[in-house]
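Here's the structure, in structure tokens; my notes come after.
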């Protein structure tokens, strides 16, 4: 019998429940507002996607295990138990119908962090063997190969060689004592190597000492997406070990949403201690460099553009002002979408949804929300700061015959670097 | 009214032992519920904070009362009626002179009351908004989907004090001691149901808002 | 019992038809009947006969009798008493001792099945020794006298509901007359004391129509007790406007604002004080600046302080709340402790998840 | 009562700032009753003691109705006064007992209050008395 079973799942849910969870469940009045904040509901009109409904398994465990009244109900046989059938049904709600975008947590009038609770439910689904194939595969590759997309060091080295040859810049690998250690997402290595090139260009101009670790270059964390602290811990540990080994002062989280959450906010708690180094998002760093005058740009893009805030970076990461300052320094025609910043709508592919092939059709359907937003502003270019968002947006735009380039913000900055006088 | 020889006995019972019982259950229940929540606690957060928890927590307690524009546009009914209901209910609860006398006797706190016809108008608004919310709950797909028996029960035990209060105030049932007794009894039922239902949100929403706000404040997210 | 009708008696006294009509007008007003009823009253009185009345005073303070005699100068009400045969009233009658008791027995014998019994005061059940008349216990005298009565009028709150003797802790085991009388109609005329004109009005009704008036749930004549003090209070507009006196000498009190906050029980008290008033229509408690005590309601002595607003609960809720806080904290702490234990147990039972454990990976 | 009546005690009534609102309804009732009297010869009476008044309000009603052309005083079992108000057909009727205490207070909407007319029984009685007197040796 598998180690992952219903009992383990329920136990994991029990483990996840804390004071905030209890306060949230005690406060919900079933007002239904969270549905209006969720693109899976607004674009399908199916009430089952109402965020608070997604946490029902956790609520049942909380009620029957952590409330006196619920214990009494359970003793009298009146409580509804969490079953395997229920968890199978919820698996599709939680993995296909939620990107952990956190928008519901911003809207809930009683202040419930519903997304935080959905993240907890994923722990229970993993422990009861109810994770979708796409995410199980990604997690397995991440643990066994080092990257969810199966990108090995060899592939990275090849890309680096290409870039070095094309630009004449050096990309430092395993340099001990560097100030910064950059992390990359597999997507950047495979789909958007421009990001690496941009880093090299910017850091050269700003005179930043940096490095990439050959042992832990992957920033993404499938453990966070699938919702397993155990897997996430293992993956974070690799980065921590590498950073400690190279004695870097700061680790840079790349243009990837959940990687930031994983390494910046959840990592220390996964390994159970504070880091000896800082973690900074690339946008924070660029902003810092620009504010301190070390990063200089020239010229402004005249094309009308808008910025898609990656949920994990803005709403769950607190990086909101930086991308706007950066954008305005290189664009003369930056417009905001109607709902932006903390209230931005998700691209529909976060939280592992884009890695879950089963959810493809639904994901493309809910992209409609973004489409409506884009039609309102009618821009020529989209800028974002997450490789995953970028891929999902590109696919969505193509599907809807909307011809428009999607650019990473770092790349846009590097394109406007003031040419070195040397 | 088998147990009472007359309406006065019933009123005396509701004002006497029934009130004592209801208040006791309410206090024990609420304290247990709050301690159950608070004693569960949180794990230590080892991530480096960007902002402070208390600032975010306190701010969120207040700022959550204001909804964002987009959500308002998508669900104006819930928000508008929700606001109207809570304001009207609080006005009736806190500014009707007989209620002020009750609060003064129990808590020793006192403030000026509002003109009775004004309170009466608010009571009508509260009653109508509750009916509207019930209608919405029964017809809106999301609300219908989420609604449990508990929601209807809570609606009923909240509605009863309002409607019995209205009936008692307008002396629509005779004798008056029966009308007033029914009103007080319905409040007692509300007090007893309170700790075991979502009515607890009146207290826990501050804790919930605090926790979420603190988490966001720590991360430097504007809530 | 004389064979003469009331009208005939009045005529004998040389009272004109016009005088009789005036008498009927006043009586109709006294009985709180609409003026349109005057001809009916006149017609009824033309054939009404003089009834015998036996007045029994039990555990009482004589306040009710005092109230009644206050209205007893040669007035219209006085005429009623001239035309009933008050055959026994041990406070008022001249006879005493055996002679008095004999009068009662004689009246009962002569008018068996037809006389009216007025009861004034409550009846002690704990020990008959608390109140006896001529060595007869109140209970025995009541049972004996009521046996041959046509109807009983319980005058005053003591007779109607037990009143002051019945108040907690009720040492004498006092009960009302109506709780003991099951086979005769009982009219309750509560009040501490009742309004004199209400007492005479009820007697007049019986005298005029030979029947008992329509009663409410508490056995009170609806014409007098059909509306609350609050409903007919001239200060009601202030209640409706939310203008309340807060102390007995504040501006509000001087301006005659509503006395609700000073403990007025008018909203729950059904009586006719606001219209009939007291002391020959001079004034009534609320008009004199004091809230209604609710004296015509059952258990008014135990219905909380006279000076606490009607909405304020009584009882030991403050003490109970103190215990409840203590119990809540203890129980809550225990529940919190139990929850911590459950959490610790679940952490201990945690089995580390490895990607190899997924069944999807095992199949491959 | 030792010959001293409450009516003898001087009571000062202060002008009230409040009203029960009964004044207006009474006047409306009077207006309707007058119409009924004219059209259907229906008489109507209002018992003023059956409704609450704030002190001074009754005086206000009396002064509103005012005094008209007729004032009648009867003397039977005490005094009775009938004032035809300035509204013809509207009578303010006060009955007092022998102690001069008011025992009834009405507004009658009629051509003439019934009780003012000489009553048939009394006329008969008078006739008998006159006949007796004439037949007797007690002739004037």
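For the reader, a short list of remarks on this structure follows.
Here the chain labels run A, B, C and D in written order, and each chain numbers its own residues starting at 1.
As a convention for this text, a residue touches a chain if its C-beta (ideal position, glycine included) is under 8 Å from a C-beta of that chain, and two chains touch if they have at least 3 such contacts.
The model shown is predicted, which means the values in this text are computed figures rather than measured ones.
Note on connectivity: the fewest chain-to-chain touch steps from subunit A to subunit D number 2.
Across A-B and A-C, it is A-B that has more C-beta pairs touching.
Relative to the centroid of all protein Cα atoms, the closest per-chain Cα centroid is that of B.
Annotation: 38 Å between the Cα-based centres of subunit A and subunit B. The geometric centre of subunit A is 76 Å away from that of subunit C, both derived from CA atoms. Taking the mean of the C-alpha atoms as each chain's centre, subunit B and subunit D sit 58 Å apart. Subunit B and subunit C have Cα centroids lying 38 Å from one another.
Residue positions 331, 335, 339, 343 of subunit C each touch two or more of the other chains.
The multi-chain contact residues of subunit B, meaning those touching 2 or more other chains, are 32-33, 36, 38-40. Of all residues in subunit D, none touches 2 or more other chains. Interchain contacts give a graph that is no line, ring or star and is not complete, per the touch definition above.
Here the chains touching each other pair up as A-B, A-C, B-C, C-D. By the touch criterion given at the top, residues 32-33, 36-48, 50-51, 60-61, 64-65, 67-71, 74-75, 78-79, 82, 140-148, 151, 196, 198, 200-201, 204-205, 207-213, 215-216, 219-223 of subunit B touch subunit A in their complex. The touching residues of subunit B, when paired with subunit C in their complex, are 5-9, 11-12, 15-17, 19-21, 23-36, 38-40, 97-99, 101-102, 105-106, 113-119, 171, 175-177, 180, 184. Residues of subunit C that touch subunit A in their complex: 331, 335, 339, 342-343, 346-347, 349-355, 357-362. Residue ranges on subunit C touching subunit B, taken from their complex, read 216-218, 228, 230-231, 239-242, 244, 260-261, 267-268, 270, 297-300, 302-304, 308-318, 320-321, 323-325, 327-329, 331-333, 335-337, 339-340, 343. Note for the complex: subunit D touches subunit C at residues 1, 5-7, 11, 16-21, 45-47, 49-55, 57, 74, 76-77, 80, 95, 97-99, 101-106, 108, 114-115, 118-122, 125.
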